[in-house]
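Structure, as structure tokens:
Per-chain numbering from 1; labels A, B, C and D assigned in written order.
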Amino acid sequence: MVAMIQEVTTKQVPYKLASRLHHPSPSVVSVRDRKIGDGSVTVMAGPCSVESRDQIIEIAQALKQAGAHLLRGGAFKPRSSPYSFQGLGETGLKFMAEAREATGLPIVSEVMDIENLPMACEYVDMIQIGARNMQNYPLLRAVGKTKKPVLLKRGLSATIEEWLMSAEYILSEGNPNVVLCERGIRTFETVTRNTLDLNAIPVIKHLSHLPIIIDPSHGTGVARYVSAMSMAAIAAGADGLILEAHQSPETALSDGQQSITPDEFEQLMQRIDVLSRAVNMKEGVTIG
Amino acid sequence: MVAMIQEVTTKQVPYKLASRLHHPSPSVVSVRDRKIGDGSVTVMAGPCSVESRDQIIEIAQALKQAGAHLLRGGAFKPRSSPYSFQGLGETGLKFMAEAREATGLPIVSEVMDIENLPMACEYVDMIQIGARNMQNYPLLRAVGKTKKPVLLKRGLSATIEEWLMSAEYILSEGNPNVVLCERGIRTFETVTRNTLDLNAIPVIKHLSHLPIIIDPSHGTGVARYVSAMSMAAIAAGADGLILEAHQSPETALSDGQQSITPDEFEQLMQRIDVLSRAVNMKEGVTIG
Amino acid sequence: MVAMIQEVTTKQVPYKLASRLHHPSPSVVSVRDRKIGDGSVTVMAGPCSVESRDQIIEIAQALKQAGAHLLRGGAFKPRSSPYSFQGLGETGLKFMAEAREATGLPIVSEVMDIENLPMACEYVDMIQIGARNMQNYPLLRAVGKTKKPVLLKRGLSATIEEWLMSAEYILSEGNPNVVLCERGIRTFETVTRNTLDLNAIPVIKHLSHLPIIIDPSHGTGVARYVSAMSMAAIAAGADGLILEAHQSPETALSDGQQSITPDEFEQLMQRIDVLSRAVNMKEGVTIG
Amino acid sequence: MVAMIQEVTTKQVPYKLASRLHHPSPSVVSVRDRKIGDGSVTVMAGPCSVESRDQIIEIAQALKQAGAHLLRGGAFKPRSSPYSFQGLGETGLKFMAEAREATGLPIVSEVMDIENLPMACEYVDMIQIGARNMQNYPLLRAVGKTKKPVLLKRGLSATIEEWLMSAEYILSEGNPNVVLCERGIRTFETVTRNTLDLNAIPVIKHLSHLPIIIDPSHGTGVARYVSAMSMAAIAAGADGLILEAHQSPETALSDGQQSITPDEFEQLMQRIDVLSRAVNMKEGVTIG
């Protein structure tokens, strides 16, 4: 038939461990003492790139105070151009570890290759697999052999089924700690950097037991649209958010135009707190 | 530069009357005594197709009781196949008018050609321009010459700028009563019928003064995902929703798989009411 | 299964009259004495817009001399902006008819609404349905009730199946003279205006009996790429081309950047002639 | 302006070494004694996966006899599912090397990670970087540090600019032997596996000096469409083709539906030979 959608039944799908059939209740992934997927809203925030020790510690303190639960920051940056800033590498991870000590925030950072994985695992609490590496199967297998929590971003043109198959690569190696992250898909629309596919939230909740968080920073590419899409994600049932925040977005080494300031972050956290209480999340997001 | 997004400034855009610069405060469009765009949440609901007098009156009463503000229903159906049910035509509009009398709900229905426009205007309170006709410029001009409120759906592969340009066609003919409707865009993802682009909400609020409502029924194509995406739309700041509802979706003549039942509609309205109060909408959605 | 393509068998499709099953041999559509679909290469060329009597007659003579078989030219222009040049209307069609008298070339031009269809039929030899109107079903039915040859362009985001269903609307009203035209689809790529989907040629030849021609002008949006894609289309088995040509592209009222000059057209015709003979088309394209 | 395309000038682009400005004449990449980019048509062919010694030697001999210039075959297979056949690994490369000895055909095979790169370099004549790894920057840098010819496939949703930036990663490490391969992009169309973007041929020839070959097997996903799209690619100016061929496609361990038989390959080579002579390629494709 023309334009008919066959609703996916969980029985016909090619993934097993990622399926609701295999694991009917929602999975909860612990990153240090933060639980993702337990009905609360987990907010990860931080700069696109770690730029200096002072920068990351200062922003971490501001974000912690505003209620963030994890600190994000890039030390290995997948840049389209070989001539762009590529990140501080291990030095960046050291600075993030110092920021963790200063604030208590667990840290999440991207790893792009197997070589740096063991080193990175010594620093970070959660490994991020970026959109460009969603189908880098050797890398998926390698993180599957660790027990580190993994934040698996959806590829720019990956179907939800392919995304779950990539999760399956990690799960099938023995690591159950996978959190999915929708970060926008590539479409014809150019007024936003990507098209944030929030349909993914109810679809994933239907098909899988894995937690899902949303990245409205990459999903819109424009700081002024981040707040609205954060609210939308929580209302749709997402388990959390990952947000780019920077002290002075206009001077950021990367992704400044989609980064919000600590003040904007604080206002957003207050809005999310009210929202999450209204929609019966387990608890509000702001702490103590 | 690679992958840089130039944030649209309202000064560079090719539309005039649809721009925030031309009309800095939000437009409010009145459909009978219902105001769209005044900070409240307007919910339009009804079957994909008007199937019979009894069907449309019965569903209208159920939806009215559950808090709907407008009744939707298709009398002229744009079907991919010439052999599919094409709608009841004027008879369908008469049945809708009877449903309005029975419930007090204003009615909205699609018009596909100029020939039927004057006739349709005698029945309906709001004209819908469907996604396939978003760039049917003679039709846009024709509805621009009426004073009827117009619900302008976004085309399947229309950019937001093109969508606003289509609104400009209507506005430039003298009809200021345009409400935009995001109903999902066409992407590579097939697990949902379309990809609902909620980014459009903050983008439209930034660039334009026109109200925007969301159609999660077409935007997902799957009834079970409608509720989550409705909540997301309201949390992101949409001015309302348009929902497909049917007494018995499994026997509907069209779009049954994406239609919710009156019971599901009522539960959703209660959730939206709580949500809209929490996010400081002007008022909750359920009526007295 | 993941990423499996079920090859379409002609038995499962929703169209009937457009299917190879219904009409196993290729259809030949005659436009005056030119036959489209008989194994020869038919080339339609002309400006995007008819701008003046002199312009259209001059370019028609140059194109005729270089071997063109039909003259194209827009009198009713579907423009994204209501403030852009909208075409000369009936006056433009009169000028085209004069160009036909001067050259003997049959003429093809777009009609955007039912109102102007009878008038347009008095002038043109072939009615073009534009990409934006591919699913304007009342218009499709109306051209189906004429016996005029119809050039049916594929919509920007129409699947091949939807395109054939639109042809079915015309065929089912009794008009068998449908020629399909692939003119590029909308994708994420922005270096070209559209992505020319030449896969459509073998797919259409497999599924349908209708002739298919290619529009590399809109399919690339860049004059310098038109020649290569014209050659590709013929080599893939297309029944012809439709090309935008203008005396001075830099001053054209519309689509100048994708228009080639008469000199470039002549060189291209020579290359196509050699190519079509090599790939065993019925005859070369230039006429003795 | 609406829908305007700014033609890319070679001065504004973010790549340097990949640009025509840096290297005005076309690059020629030698793989053993085969030159790619010198005006001739280079045809690489072979099975999706190496399945056994006998299979690869047998098909290599048949393809050699029909005029193939390189042997392709997968030893490390990037499969969406961790439960699918993943390739024979080093054993597969050994079998390919034996097939080279038996036929004289240079061999090309995909490498998915840095770990296996040095080993693979001992066997293969050309390294393939697959579509899923087009933005695996550490891997690109690693192959950039070898001198091996590299076949760089375009990512499923990569823009042409991003693709050239990935080539820049390889070039900037000192390896100038990059051949680009268009293999279809992901769009909304589902009747074919991907949409083969032949626009890429004139665009790449305009912007870059690197050779470009086309993969119509993945670009269509359907064996019956491979021949037409191969012809189209050559007519548009491609430097060659890479084709999946298998003795018995219906029993292939992967990609059987898009694989052609040795007989079909031979017929296609004859058609390409005629075509390439007609369009003034340096020489026909069939040897001896």
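What we mean here is this: contacts are C-beta pairs under 8 Å (C-beta built on N, C-alpha and C of every residue); 3 or more make two chains touch, one makes a residue touch a chain.
What you see is a predicted model; the values in this text were computed from it and never measured.
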Exercise for the section: In contact with chain C and with chain D at once: which chains are those? Just list them. Expected result: A, B
Problem - Rotation angle superposing chain B onto its copy chain C by C-alpha atoms, nearest 5 degrees - result: 180
Problem - Interface residue identity across copies chain A, chain D - same or different by half - result: same
Handout entry: Of B-D and A-B, whichever chain pair has more C-beta contact pairs
Key = A-B
Practice task
Using mean C-alpha positions as chain centres, tell me how far chain A is from chain D in Å, no decimals.
Solution key: 34
Fill in the blank from the handout: Distance between the CA centroids of chain B and chain D (whole Å) is 47
Problem - Geometric centre distance via CA averages, chain B-chain A, whole Å - result: 32
Handout entry: chain B: positions in contact with at least two other chains
Key = 2-3, 14, 80-81, 157, 161-162, 165, 186-188, 190
Exercise for the section: Write out the stretch or stretches of chain A touching chain C in their complex. Expected result: 1-3, 14, 157, 161-162, 165, 186-188, 190
Handout entry: Of all residues in chain D, those that touch chain A in their complex
Key = 14-16, 78-83, 112-115, 132-133, 135-139, 141, 156-157, 162, 165, 168-169, 172, 186
Problem - chain B contact footprint on chain A (complex, rising order) - result: 2-5, 7-8, 80-81, 157, 159-161, 185, 187-193, 195-199, 201-203, 205-206, 219-222, 224-225, 227-229, 231-237, 257, 271, 274-275, 277-279
